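Chain lettering (A, B, C, D, E and F) follows the sequence in which the chains are written, and residue indices restart at 1 in each chain.
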Amino acid sequence: MNDLMSQAIDLMIAGMGFVFVFLIILVFATQIMSKLIGRFAPEPVTPKKAPRAKPKAPASVDPDTAEAIKKAIAKFRSRHKK
Amino acid sequence: MNDLMSQAIDLMIAGMGFVFVFLIILVFATQIMSKLIGRFAPEPVTPKKAPRAKPKAPASVDPDTAEAIKKAIAKFRSRHKK
Amino acid sequence: MNDLMSQAIDLMIAGMGFVFVFLIILVFATQIMSKLIGRFAPEPVTPKKAPRAKPKAPASVDPDTAEAIKKAIAKFRSRHKK
Amino acid sequence: MDKLLTLWTGSGLFNMTAGQAVMIAVGLLLLYLAIRKGFEPLLLVPIGFGGILANIPEAGLALSAAENAIHFAKPEVLAALAGILDVSYQAGQAVTPEVVEVFKHAYKEASTGEVSTAIAAAQDFGYTNGMMYNFYQVVIGSTVGPLVIFMGVGAMTDFGPLLANPKTMLLGAAAQFGIFGTVLGAALLDWTGILDFTMLEAAAIGIIGGADGPTSIYVASVLAPQLLGAIAVSAYAYMAMVPMIQPPIMRALTTPEERKIKMSQLRPVSKLEKIVFPIVVLIAVALFLPDAAPLLGMFCFGNLMRECGVVERLSDTSQNALINIVTIFLGLSVGSKLMADKFLDAQTLGILALGIIAFGIGTACGVLMAKLMNKFTKEPINPLIGSAGVSAVPMAARVSNKVGLEANPHNFLLMHAMGPNVAGVIGSAVAAGVMIKLLG
Amino acid sequence: MDKLLTLWTGSGLFNMTAGQAVMIAVGLLLLYLAIRKGFEPLLLVPIGFGGILANIPEAGLALSAAENAIHFAKPEVLAALAGILDVSYQAGQAVTPEVVEVFKHAYKEASTGEVSTAIAAAQDFGYTNGMMYNFYQVVIGSTVGPLVIFMGVGAMTDFGPLLANPKTMLLGAAAQFGIFGTVLGAALLDWTGILDFTMLEAAAIGIIGGADGPTSIYVASVLAPQLLGAIAVSAYAYMAMVPMIQPPIMRALTTPEERKIKMSQLRPVSKLEKIVFPIVVLIAVALFLPDAAPLLGMFCFGNLMRECGVVERLSDTSQNALINIVTIFLGLSVGSKLMADKFLDAQTLGILALGIIAFGIGTACGVLMAKLMNKFTKEPINPLIGSAGVSAVPMAARVSNKVGLEANPHNFLLMHAMGPNVAGVIGSAVAAGVMIKLLG
Amino acid sequence: MDKLLTLWTGSGLFNMTAGQAVMIAVGLLLLYLAIRKGFEPLLLVPIGFGGILANIPEAGLALSAAENAIHFAKPEVLAALAGILDVSYQAGQAVTPEVVEVFKHAYKEASTGEVSTAIAAAQDFGYTNGMMYNFYQVVIGSTVGPLVIFMGVGAMTDFGPLLANPKTMLLGAAAQFGIFGTVLGAALLDWTGILDFTMLEAAAIGIIGGADGPTSIYVASVLAPQLLGAIAVSAYAYMAMVPMIQPPIMRALTTPEERKIKMSQLRPVSKLEKIVFPIVVLIAVALFLPDAAPLLGMFCFGNLMRECGVVERLSDTSQNALINIVTIFLGLSVGSKLMADKFLDAQTLGILALGIIAFGIGTACGVLMAKLMNKFTKEPINPLIGSAGVSAVPMAARVSNKVGLEANPHNFLLMHAMGPNVAGVIGSAVAAGVMIKLLG
């Protein structure tokens, strides 16, 4: 086994070890954080199905509204023609 | 009184003097400008209550419109269900 | 005729020659491309009157829709007042 | 095992200094004030977060490659830097804390050419400029950040109320006493031996009294970059506290009758006047104070784009995408100056104390000037609009309106206060130009 | 008093030269044309404003730190710069206007390395690069500004009409005679001794005939940066005047019958053709004219983003926020080249005169080429669409349509003219590549 | 004639090498995959197009001024560069291909200072940095591009599902085996003599397993910039292929019963928890792994802007205009590394092979970890959500959902899979920090 191999194994052990240690700490820190907030600053909950990425610029009118508007236009036009 | 103090006093005199001179000149320049424009290029006035900062990008639909649309949707849906 | 003149004439001959050669090649390449696509990948056509530059960010609601909305608002308000 | 040890000895927990811990707490406090208390969040969120980033031990995010190399102090690297920075250090010599201090000091004193040579040498050894060091150099070191923000502010400013009543510009002039009075205050602290300030530092601190974020950052970056962090934090924090700072001063200096004064309605202003005004300001700057040209030039350019009506695309972009992008990086860059060794200093306390005095003096002088003007003008001026001359647009104008409504619930001063309010922006920029001219 | 004197001797009124006053007036004229007359306001508002800023006396906004240091000419600073710029000046020597001229000339002739060393040295004495000097270096000096604008233009361009009738590309080729004819004109002026031009300058002036802003700025910045201001102003001004310049030429070269020619309706073009076309252009560039690769590469990239349908986010941004941001700084940067000593020169008058000739020749050759093609093709071509080959998108195509409607109120040429119109953009970029290849 | 010859001998057709032709074909293939097959088009369209641009013969768009000067190899220019790069070449000496190779090699080995001196010297002879070389230096060389993208990704990420069930973070940890397993794979290829890799290269290749574009580009640019092109292409291509790569592995490692496991509904998460979480992550980074601070710092900053609710302007801009602008130039910059001499190498094949192995290992370890956790926790965990730990947000979470629906059409796993999915982003950034710490 050459030097590169042993280095790669060392890196794997150190790396995976550290990734797990870090994320386990983060799990605990997060749980503690949530408990503290639940106890000292309980809040009205946010709806949990918030979409992951909602770029707001292009958003203009939601599909439902658009549909309704189109119906309204159609109706308006048909009336107007009469 | 040390050197820094006397420098600061000098700076205050020069600075406030200059600020006033500059803004007084600007007051006169502005008044002359307004008079010249009023005489040689009178224009239909703009509404003076223009909001100070109106970022246009996010603006999509004004509240009134939105309200109307919502009513329209509600109506459309209630009809649709029947 | 000085050196600059003869250089300018040279540049004109080389330049216009090259511009024509390049664009003639491009005419043929484009025609071949269109024919190949027409034969091997015919597609439903796009409407050819697409506007040249249509910045999409500010676009919110098309004029037709806007008109309909305004009518809707007017109607909604007049009903509401009653 | 060896590698795990490297990770541990390189960790923040192992290396954190008390100063860094305190500064991280300061960053968290700024985030709290911004998010929960609504203190100028657009700037204080990035500044607070940037302050935390700048104080992460060993990460060196706010340091140049050369400073990082000096921090890690490998003998062969120091030997390479010694020649460039003119430090007497030989390759084999032991690396004591004193030696590192000598290098740090030599780096601070080095010329522009030496600094870039030292950075290139450190890069050859694998050190890199910290992310936030780069942000600072590009956004603030080049002065482009505050200027672009100022352009955006110009594109958001409506000079209509000022044009309808140009005399109120004098209120914006009087409020600049806050700036120069504070310079005097800093000099006084120095004279009494409480704190040490140079003239440049005193002037940079004074600009807090301008109550204008980009102007403060611009002036501080030119005159005293080492104080930029404290000055910017102080400026934005007190701007957010204007509704608390100003009303008592305003009430103390006015009688209830004065506060009830109704002002005559503003005349309508034509579109052409609004288009020509920024050009008039620009020409006045060109004729009388070229040193205010970068700040007021960009401000007037933004305003002209807004008013001229033919470049709406550009005006919109400078009010939205562009100003937002620059704000993000400007905030982080200011945060990079919240490093423990620069911020945790008695000077910072002095700056915070002087900052609130600056706002107080500015407010008082604005109100007193309005009272003075009232004696000479036919049309009545409500002295409450004088306090809006400190700028802090549009907060100070709203404060004038609110205090006015307390005295008379039918007296709306908002539009009248907007005149001195935007005049205060011009006034501060003029004051900044004077200080840069005389000291820069 | 001393300080007030400093303010006065540093003011614009005290220092303004006649040239600067004239240039400020030129800047105001450009603003007037842009705002009141609608002359390409997106560029001419920033250019005009930038021109005023660049000519504010003593502010040195368009100068580098070293140029500012030379302007203020302190003996110790000049002594430091003398070694770098290889000027024979000794520390004690008197600073006469001649000495300053020698330094200015040496700076202009200095190599890239010497310039950056000189700037670093000047910065150590407290001088800074002017705001607009920085803008110019970043936006135009790096060539990135015009290229990003060209990418945005590509993202706004619909090649549909050209793909429906690719032969009209030849009209876009013929109109480039405007470019090379103008080079010949400049050479003629030089030969006759009326003005002095080098070959590089003649070529840079010729590109005005391309009737394409970013292409003109790109070529001028590469071949003759000292003329950039005059060339860009000339290009944008004449583009705005296309509706005045072209119609008389178009009418003179065509009979009423020719102007009434109806063209057969354009065939529909498939989405895939539109996607593949920019790639075909790119490959043609790669095979035949690598020197046009930056310009046409970015143009095709923008167009591919537009047409491919899977990166709408990027296409939108390059048509809006990005192009707007770059336009603001590009305009200011061009304005930085409107300095008195560079612009107020007989050359500028020559450039303005040659510019209008360039547009005229291009228009005429486009129309004549269309008449020539009409003799060889089955499908009739209305010669009025030939004039659109100069580009000036979409103004020139609208002019073709308008003149056509005068002859026959039911003959809409707009879509037919869009083909040569966008071909003209490609043609100019090819011509630019040839000139850079042969002269650059 | 002479000039036409210059045009012909300078054309692409005359100069194209086989390698360049192949690379242009590769660029076209990437465009095809992006546009027709929908492979991560936001990145692969610019990368593919950039790859074509970088391989245009003679244009030298991806080369520095010095590299372009060496390519054209004029004796007087080489003589000037010889002194700077420490090559023994005399002014009169014949320019053989070997000599050019010597210069190329010397340039590659030169120090930062020598490189900038060589570029300045080449610029004095009229050579310029290629457009894409500039893009690369500014966007990737400075590391700012990937970091800004990561900030935008942070602003688009909802940590709600992760906060509702923090234990799933361990799945995001386990999936990082893909990274380190691949490093081992690269070392194995080196050991068996199939390919040559250094440790830095092996680590940079491993990061493909992180399934995160900006992280991969950041790490590759720090550890092995010469492999950046192949690594980025590999990372984005396999991310697009996640719906093909993962399902077979997921099915092979789970029983139908396991795939049917219903998970209990996620608890609602309060707004304050979402605000505090990025700060908790930041502090953990500060305490335990400062080297991950740039990546995770910017990520957390973006997320804090999103959640804090008081800087919506900034959050919107970082999710739209800013990330789009940076994406365009990041893609082109990555494309600049697709040059024939760097990409057409057996190493690239190795990287492509190792990349898919990386994704496979990551997926498998995530699933196995979920099965393991299922034995120790009360609440049931569907092992299918383990595969989402590789990140590739949100594709991998959708794959978990889809495979789950196959087993039980009423079992929606999407929200449960989003937890490990975003944890995978943090995990990869931590792994990146470890690798940079130990090797960088």
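The definition used in the following text is that contacts are C-beta pairs under 8 Å (C-beta built on N, C-alpha and C of every residue); 3 or more make two chains touch, one makes a residue touch a chain.
These numbers come from a predicted model, not from an experiment.
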Subunit C to subunit D, fewest steps along touching chains: 2
Chain whose mean Cα position lies farthest from subunit D: C
Chain of greatest Cα-centre distance to subunit B: F
Mean-CA-position distance for subunit F and subunit D (Å): 37
Averaged-CA centre spacing for the pair subunit D and subunit B, given as whole angstrom: 21
Overlap residues in subunit F, where contacts from two or more other chains coincide: 3, 7, 288-289, 313, 316, 320-321, 434, 438
Subunit C: positions in contact with at least two other chains: 11, 14, 18, 55-58, 60-61, 69, 72
Subunit E residues touching subunit F - in the complex, by the definition given at the top: 111-113, 116, 142-144, 147, 151, 275, 279, 282-283, 285-291, 293-294, 297-298, 300-301, 304-305, 308-311, 313-314, 316-318, 320-322, 434, 437-438, 440
Residues on subunit D engaged by subunit F in the complex (per definition of touch): 3, 6-7, 10-13, 16, 24, 28, 31, 34-35, 38, 41-42, 45-46, 49, 52-53, 55-59, 61, 117, 120-121, 123-124, 126, 128, 131, 134-135, 320-321, 324-325, 327-328, 332
Contact set on subunit B toward subunit E in their complex: 10-11, 13-14, 17-18
Subunit D - residues contacting subunit B, complex: 156-158, 160-161, 163-164, 166-167, 169-170, 172-173, 176-177, 179-181, 183-184, 186-188, 190-191, 197-199, 202-203, 266, 268-274, 276-277, 280-281, 284, 288-289, 316, 319-321, 393-394, 415, 418, 423, 426-427, 430-431, 434-435, 438-439
Footprint of subunit A on subunit D - complex, ascending: 2-4, 7
